[in-house]
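Next up, some structures in structure tokens.
The following pair of complexes shares a single chain, chain A, combined with chain B in the former and chain C in the latter.
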Partner chain A sequence: MKQHKLIQIFVLSLFVCLSLFLPVEAVRGQTDIPTDDDVNRIAKQLYCPVCENVPLDECTTEACQQWRNLIRQQLSDGWTEDEILAYFVAQFGDKVLGEPPRRGLNWVLYLIPPLVILTGIILLINRLRRPKVDSTNVEESDPYLLQIEQDLNERE
Partner chain B sequence: MISSFGYMTLALAFLLSFYGLVILIFGLIQESPAFFESARRALVLIFPLSTAGILVLVFLLLTDRFDVAYVYSVSSREMPAYLKLTALWGGQEGSLLFWSWLLSGFSLGFSSRKIRKESDLFPWAMLVAFILLIFFLGLNVFLATPFERFWHFTDGGRVLSVFQPRNAWTLTPGDGQGLNPLLRHPGMIWHPPALYLGFVGFLIPFGLAAATLITKRRDGRWIELSRTWILIAWVFLSLGLVLGMRWAYDVLGWGGYWGWDPVEIAALMPWLSATALIHTALLQKKANGFQRWNLSLIILTFGLVIFGTFITRSGVLSSVHTFAGSNIGPAMFVIMGITSIGGLGLLIYRWRDFGPSQEIEFGFSREVLTLFSNLVLLSILMVCFLGVVYPIFSDLLTGTQVTVGPAWYERITGPLFTLLLSLMGLCPLAAWGLTRLNKIRQGLTILLPLSLLVPLLIWLLGGVNNFYALAALWLAGLAAIVISWEYINAARKGLARPDGRLPGALWVPFRRNHRRYGGMLVHLGIVLMSLGIIGLEGLQQETQLRLERGESASIGAYQYTFEGIERFTEAETTTTQAVLTILYQGQPEGALYPSREVYSNLGMAVTIPGVKSNLSLDHYAILVDWQPELPDEATFRIFVNPLVNWLWIGSGVLTLGTIIAVLPKSRNGRL
Partner chain C sequence: MRKEMPEKTSENPRTKKFWIIVSILSLVILLVVFGLRLFSDGKSMLEMGKAPEDFSLMTFSGERIQMGDLRGKIVLVNFWASWCVTCDEEAVVLEQAWQELQEKAPGETFFLGIAYMDTEPAARSFLEEYSVSYPNGPDLRGEISDLYQVQGVPETFILDQEGILRSIKYGPFLSVEEILSLINPLLTGQGGE
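And now, the complex of A and B:
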């Protein structure tokens, strides 16, 4: 019985971990004069439209500098984070987003991993043999046998 | 000429590998060991030949022979000798030659007495080596030779050729183009060779696995013969990855160590499958099963190694790791097809011959936990693969280009890595076969509360409030405590013996069971590395500010004051270096020197962060912007990176643990 409880706890903690897959809402709220940190917070989520594989907050090219200035301008004009991101997507396509938006085919990216992992767990548990009742608790308290087991473990 | 000599040695090595393959096939048809012996001698001879080839290239690099196109493209007069040496793998042709040389070196392993004794596996394993050697040496000889020279004709025409064309004269440029500035770093000495050793090291396990499938040999001898090779390849792959992280942290200047670049992922994937293999290889020994599973894992690992090489060397992807203008893509694609289809085909063809695994009982046992860790490792691998191939599919199917960046990878793999950490904490508590719960309960009643002290102390003393980071630190603490507890228990037994005394007793667990305790040390290394990762991913703080001289920026209790900027020019390189002093609660704590190097001859700039490290955190500053017209103003991006040093320390512990685990045993089974 205790063994089963342990397994239940294990499976439960697994689900808790998997729940971290759920989307997290983006940070909102800006001050009046946007700082470099405010700009970077948004630029971090974007990829440089011209250089491959470089996030916009790190890119050192002139073009990226201008795009960061544009974000600063938009922030001081009162645009929200979502509006700025939407503007960049409209200008350059989904490719500028560091994390693909959750729509259409992109759902593959968010659904396949948890599905595969869950299927893996179910398959694995099914492949394992059901434990025999009380096969493990017979000599549980015998110190002599415990010692033997411990010594055997060390000899492995 | 010496470069032609280098080329000839490679051509000869190529011909010998061809000869070896033909004679081996004859031997297999005729079942004649004499042919095998001839093939083996050819295999042994290929290594000195390719060594001669590589030494010639090293000589050309060190003596500034810029008439050789490869030397011209990767080296220059002002580069120090160590960088000239590393230019060997700083370009496409050289790195492929280095790869072939390692391949010929590891192939010698097939000629070892242990493997030769397995007369059924031995010829087939050699066959695999010959096929790969023919391919890679063929690339060195026909498609990407590093020995081509510049020639010019009297009419002004120019040509690239290994041998002197009729009526042509050598053309020697005054200086070379030099190595890409990003590659001019001590990391260049160790990162590529370690990674290549890790990649090519899987040749022997792969060859033996293929031979096992062909010969239907079911006694699992291949895994016994492969064990040390797998661990050696694995530790080099681990070191290659960590050295790459360190290099990125030191040079690329974005405050991180891992950007989920497709090429980084390509190196991580075989590491994940090899890690899974190391664990289930134990199950094959203990539970006498999992043959098919282990054979699948080694084929997957080697397939991923070739896939990784294909990605980096074919030019299909653009990244800091790839070389432009590659013409070997189609050829690399062919060898990738041969290894993966060949491996997979063999596996499917022989699937039934290797029988189902022995059943394992569900419960709290090391077997079950090992299987779960395998599941998690392969899930991470699947996520990596999905992330790399998805942009291609999205483009093909919907015409939409997407970027799969770090945010996605971190969101999906974060929980999986956390799960792995918790399995590492639980595993040492479980024994092979079902564990009695009393034993764990005794352990857990002490260890669990003890482990809770870790996040509690960090929360109270370190002022860390991030729940996820605290939870992850708790799991890391639990794993470290469980591992230490197991080790201390074993060491106490050594102390209890009549001759037992410190510090000799500390070595006793390793002497009695070096594989188990070596493995635990590797786990401890991973736990320590995870501290660095948690620190950077969960606790990093940053700010970006434009500062005038004398002004300060603050992160928490730290204050960074811009003291000034210096500019100096050396040869073709102009360095702009700023000085930031650090104050902690009003007390000076050293200075940071972020800089920017501009290579006028190459039209490139490199941002070098200023870093000040201690065991609890790194101060890390980047000079983002500075204009000569406004010399007293500059923009800085400053990071506080907690615990990051443990990432590097942990990798040292991991290496030590692997060395202990692979040390050969004496006759009585002890070290």
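And now, the complex of A and C:
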């Protein structure tokens, strides 16, 4: 009798547990549908194939709409962000990327700006470290003039 | 008695020389890098009366087409896209011309459609919707459109039996007659310069 009751409790708790999991699964299923934000997160890393300098997430052309639809489809199919970007590069080339890939000669694009800034900083530091020449009192600070003045004084 | 003059330190000529060398070297490196980039493409300019560079295309049906293998045929290369407003009407006209030429001069002409910056599902449904029967394929990485310096779609290039570019049509063909007026002279051997 006691054993029978235990089985009843076990089955009941099993149902309770299952009923707790079911809605969770249903909600999880709903979240698998990619939102506009999910699509745009990837779309903003790509550029419109037909218009100049327009990110895919802002573009209103039919071509861009198709691309966004494809991204949505790929997200629904479980593709990762990297996989989707790689697909677009394979299909349409590097030019669709908002950021040029860090390889080959593209490195020049990434290296030149910091190098220019660094050179500027070095030049600025060099300039600031030089002793300041007071233009109103050149005679006192310029060793040439001081020397000449001293020589002239000695002659007199 | 002559006194030694102190060395002028405000402008160090060695430092100045160093920076001049650095600037010149940077400029040379930049020019070399951009020059390399420019010439590494190795693509020649598209010119009328000259043969464009060879390319191969994997069609949507999985067939590989090598342009070089089409010598001896008049080849029409049409760049299109499913999102292009005027491409749908042109697709109908091109298909009609293709059918007509297949009957009139079988094996003497070849039409090749290239989907420009198009997604595969959209391109496939476009071809199905307009019952396009000549070979079509995607322009992977935009390499073929770069080669043909395509500005927009639709754009069509007609090459003669020697693979020499004979005409370029910017915008859509509006009638079958318009297409045939460019192909017929080549069929009769009158299209050359």
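As a convention for this text, the second predicted complex is superposed on the first by the 96 of 156 C-alpha atoms of A that agree within 3 Å, B and C clash if a C-alpha of one lies under 4 Å from a C-alpha of the other, contacts with A are read in each partner's own complex, and residues count from 1 in each chain.
Here is the rule we use: a residue touches a chain if its C-beta (ideal position, glycine included) is under 8 Å from a C-beta of that chain, and two chains touch if they have at least 3 such contacts.
Bear in mind that the values here come from a model prediction, so they are computed numbers and not experimental data.
Once the two complexes are overlaid on the shared chain, A:Glu52 sits against chain B while remaining clear of chain C.
By the touch criterion stated above, A:Asn40 is placed in contact with chain B alone, chain C being left untouched.
In the superposed three-chain model, the partner touching more residues of chain A is B, compared with the other of chain B and chain C. Within the superposed three-chain model, A:Ala90 lies in touch with chain C and out of touch with chain B [touch as defined at top].
Contacts of A:Gly98 after superposition: chain B is touched, whereas chain C is not reached.
Applying the stated contact rule after C-alpha superposition, one finds that A:Ile125 touches chain B and leaves chain C untouched.
When both complexes are overlaid on chain A, the residue A:Thr61 reaches chain C alone and has no touch with chain B.
In the superposition on chain A, chain A positions 93, 95, 105, 108, 112, 130 are in contact with chain B in one complex as well as with chain C in the other.
Of all the residues in chain C, the ones that touch chain A in their complex are 3, 5-6, 8, 10, 15, 19, 22, 30, 33, 36-37, 40, 81-83, 117-122, 138, 140-143, 152. Partner chain B is touched in their complex by these residues of chain A: 2-3, 6-7, 13-14, 17-18, 20-21, 24, 35-37, 39-40, 45, 47, 52-53, 55, 58, 60, 93-100, 104-106, 108-109, 112-113, 116-117, 120-121, 124-125, 128-132, 135-137, 140-141, 146, 149, 153-156. Note for the complex: chain A touches chain C at residues 49-50, 61-63, 65-67, 69-70, 73, 89-93, 95, 105, 108, 112, 119, 123, 126, 130, 133, 143-144, 147, 151.
Here chain B touches chain A in the complex through residues 253-254, 259, 261-262, 318-319, 359-364, 368, 371-372, 375, 378-379, 382-383, 386-387, 390, 393-394, 397-398, 400-408, 411-412, 414-416, 418-419, 422, 431-432, 434, 436-439, 468, 490, 493, 512-513, 516, 542-546, 605, 607, 635, 637, going by the rule given at the top.
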